[in-house]
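Okay, so chain A shows up in both of these, paired with chain B first and chain C after.
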Partner chain A sequence: MTDRAQVYARIIELIEPLNPKKVALGENTSFAGDLEMDSLTVMDLVASMEDEWDIVMPLNMLPDLETIGQVADAVTKLVKK
Partner chain B sequence: MSDLFSKFDALINERAGLLDLGVRDPFSIVMQQVKSPTEAVIDGRDTILLGTYNYMGMTFDPDVIAAGKSALDEFGAGTTGSRVLNGTYQGHKECEDALKDFYGMDHAMVFSTGYQANLGMVSTLAGKGDFIILDADSHASIYDGCYLGNADIVRFKHNSAEDLEKRLRRLPPEAGKLVILEGVYSMLGDIAPLKELVAIAKAHGAMVLVDEAHGMGFFGEHGRGVYEAAGVADDVDFVVGTFSKSVGTVGGFCVSNHPKFEILRLVCRPYTFTASLPPAVVACAATSIRKLMHAAPKRERLWDMTRKLHGGLKARGFRLATETPESAIVSVLMPDQETTVRMWQAMLELGVYVNMSRPPATPAGVFLLRCSLCAEHSAAQLDTVLERFEMAAAAVGLFAPA
Partner chain C sequence: MDKSLTQLPTPTFDDLAYRRASFGTLGEALDYAALGKKGMNFHDARADLVRAYPYAELAADARAQALRLIADGVQPGDRIALIAETGAGFAAAFFAAIYAGALPVPLPLPTSFGGREAYVDQIATQLRSCDPKLVLSPEGLFAMVQQSAEGLCAAHDWSVYFADRAPAAQLPQAQPTDIAYLQYSSGSTRFPHGVAVTHEALLANLAGHAHCMEAGDGDRVVSWLPWYHDMGLVGCMLAPLANQISVDYLATEDFARRPLSWLTLISRNPDATLSYSPTFGYDICARRISASINVAERFDLSRWRVAGNGADMIRPEVMQAFVDVFAAAGFKASAFLPSYGLAEATLAVTIMPLGEGIVSDLIDERTLSGGSSARPDPRRPTRYRAIVNCGKAVPGLTIEIRDEAGAVLPDRTIGRVYVRGLGVMAGYFRDPEATEAALSPDGWLDTGDMGYLSKGSIFIVGRAKDMIIINGKNHWPQDIEWAIEQLPGFKAGDIAAFAITTPSGEESPAVLVQCRTSDVDERNALREAIRNKVRAITGMTCVVELVPPRTLPKTSSGKLSRSKARSQYLSGEIQPFDVAA
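Let's look at the complex of A and B:
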């Protein structure tokens, strides 16, 4: 059983290496605005989350996921499916 | 009122910064005269063309030109209509017949550009509830086809059979799946391990579409593409291609043996809702495609010239994107944007045109000077090119220690 807190904590760990400017990470941190991630980095992050939880996160789902909190919600839902 | 253009400010500033260095804009070249498939006049200077994808040199083929002129006289300048209304002429059918013969397939559909062929096929084949599984380095037209459609989009690591397998395994077994591959990836010029990738796709019940834009004409026994050379023709459901590379004009197509293929003409929006190609263009394409069926000597020359350029650059210390020449694209790896533009400009001033490529068109943030070969390049031209590469590298200090 994976609960949301665990998912969130692991997502933070996965983002750290992609956060060279050491932006403070929180529920409302946004990928495009705060972390300034380009689309390729986002897709690599998605791939690492897919492998971490053995889930499928289709690319067309991404425009709705702007913040770390939203991604944690989406992953938690996919893991429970 | 907010200016809708403010979202482009970062790019506008980056460009301005680059041009302030005194280099010219690599994306606004004008070919004042085109003398042959390998020579043009740019800025009043005779220039060797080494970045045009004109692999088989068909743009000035006398039979192709004659067919185009005659169609222009007989059928006029344009069709003013969609393929499904008034825009299918005799020439469009003859062009599709030429494709069916070239590929040995039952069905062929001609689109107005290669971009539209991918846009149409990708967005139409996979619908809501289906999955598209595409290589991460896929061409923009494939990504745009995904965004035009309603399927769920899953990306796998470039050319990785293991990653494709892993991603297919996670999908519901009963769902419709389309795996999209390219024979040649045009940025680095590397080819796909189609034997492995297609086998995995088939094992998971997926249909397979292969884009052979940069492989048509000179891979495989009949020049059909990398998929033919890899021996997987029976397992490929759809081949997409273009007339703007080896065929030497403009247009796109898809060929297939699927028994229900013809229905696509009514449901594929980028096919239906645009004007068809002008008569002269389809006449040129049909003639060129039929000639490419018997182009073994040209294929040989193209591969000879590719090996000469790849080997020559490597011997002179340039870093290349592929260890061996895998396709007719030879990409030179560059350290950063400024050096790339300076080197590109030095080459142009020495009379050699190559493509400059930068992210996001390139994968993994690489900067490239991309060369593509033509069967009509002569060994003497390539000797000149190699000499000028050395001169340009010296002028910009490419090999100087940092």
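Let's look at the complex of A and C:
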């Protein structure tokens, strides 16, 4: 059983290596604004999340995900399916 | 269900006689390809085959769907906007429009986390520019596309739309001089320009680059390039189709997640592969290889006949790094095929002779900046830049290098690159002003790029038209400037955006903003606000420098000169305000 808290904690771990400026990470941290991630880095993160939970995150989902919290919600939903 | 067990990819060989894009129209090209067994093959992120789509099946689907468009009132010359998802849905809808005599207009996909509003806005702006009869999208993106189309045109999910059966009707007969499609990859997001290409120009260009690559029976194309970009659409979808070659596709977003799947597809092909990528594609593959991956065991790149380079500045050191990593898998540096092109010339302008690989010239940076203002400082070492030979003009095209006054320049002198001949666009759609600026009445296209010729080969040194290319994606300074103008207190002319080259050789956007405030805290806040605004609107992280009022240079006609601003900033002539870190 994977609950949201576990998913969130693991996402934070996966983001760490992609966060060279050590921006403080929280529910409302945004990928573009706070972490300044370019689209290649974002897709790298998507790949590692897909591997972690054996899920597929469709492209049309991405534009609605601005923050770490929103990504954690989306992954939790995909895992429960 | 594992579909890869139940179906085979389309073959590399069949009995159909090879014809090198020698067709009057794109519809005829598909009709001919449909007589053979070859086609498109769509793969998932792990490079497993999801769907084989023979050209015969594509042609049948497209003809049926063309009837649906005609039943809906679509007339020859109408535009049909299509979200360019890599898959059978887009391919069929694109050719349905072609068979109906309408102009397909491929539109981009979202590429990252966030940015829903920006995407909806971008699609709406392009819809306003091409003024289509309708826009079609895959199911997953339909909600956003429908929002973009509100008040502009009808919007449909293509699978629902084409499920309706339509009565039989006569399909119109296109002429070679008719416009075939509109391409939006060249314009800015905010001020888009639809490049209009005729059937004749398209097919001439497709024949030209197939000739240079000696492409034909026995070759297979592998591509992850997006279909809303000229190299993806023209080079990797229309070119193989018009030359009856099977293609293995990986969706761009899957490549971005798992770039090595691209190389897996190439390794798996038992015959010769043709595959193109901008510099960054080779870069991320080489970087993705860690010590734990046995390159020789996992990949076999020995049959990769043409590893094309194009769409951005070719960086020799990145290509060398790729060779260093993948030579163990049999990759040959001679497979690299540099090229130069742009959507306004359909696609290819020049291609390197086969087998010569990457050859570069070392040039003094000062020579490049060219001319009067550059004063050599003997205390400083000469900085050399490697410029890649992009090859000779494809058959049918002529190149000239001209100075600012329009005089043709001799060999090895840098100037503006002009192109004329088969393959040059008809113009920008419904934009006579922009067309007139780019295309002379006698057919010379101003590419906006700077370069020099040497014994018929072209060396591109930069762009005069200010475009900024990051990871293969084109960005326009106008879009950055527009974003800043949305902040209170800024107007056009206060802002100059351009690309600078970072020490690692990559491009990065920079912007100079004239600022009237003398308070340091206020300046800091302003700079932060500008950075955030640019990021929110364009998705780019930008170097922001505040400069005193009236420092930005103007052209003789009083317009802002981005290239002068750039050179004055780099030479130190423009001094930005100090901002406390």
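Quick notes on this one:
Rule of thumb we're sticking to: the second predicted complex is superposed on the first by the 81 of 81 C-alpha atoms of A that agree within 3 Å, B and C clash if a C-alpha of one lies under 4 Å from a C-alpha of the other, contacts with A are read in each partner's own complex, and residues count from 1 in each chain.
By definition in this document, a residue touches a chain if its C-beta (ideal position, glycine included) is under 8 Å from a C-beta of that chain, and two chains touch if they have at least 3 such contacts.
Just so you know, these numbers come straight off a predicted model, no measurement behind them.
In the superposed three-chain model, the partner touching more residues of chain A is C, compared with the other of chain B and chain C. Contact with chain B, but none with chain C, is seen for A:Asp54 once the two complexes are overlaid on the shared chain. When both complexes are overlaid on chain A, the residue A:Asn19 reaches neither chain B nor chain C. In the superposition on chain A, contact is made by A:Ser39 with both chain B and chain C.
Of the two partner chains, chain C is the only one touched by A:Leu65; chain B is not.
Looking at the shared chain after the overlay, A:Thr76 reaches neither chain B nor chain C.
In the superposition on chain A, the residues of chain A contacting both chain B and chain C are 38-40, 43, 46-47, 50, 56, 58-60. Chain A meets chain C in the complex at residues 30-33, 36-40, 42-44, 46-47, 50, 56, 58-60, 62-66, 71. Chain B contributes residues 131, 136, 146-147, 151-155, 157, 166-167, 170-171, 359-360, 363-365 to its touches with chain A in the complex. On chain A, the positions that touch chain B within their shared complex are 38-40, 43, 46-47, 50-51, 54-56, 58-61. On chain C, the positions that touch chain A within their shared complex are 45, 109-116, 119, 138, 140-141, 144, 253, 256-258, 280, 284, 470-471, 532, 535-536, 539, 541.
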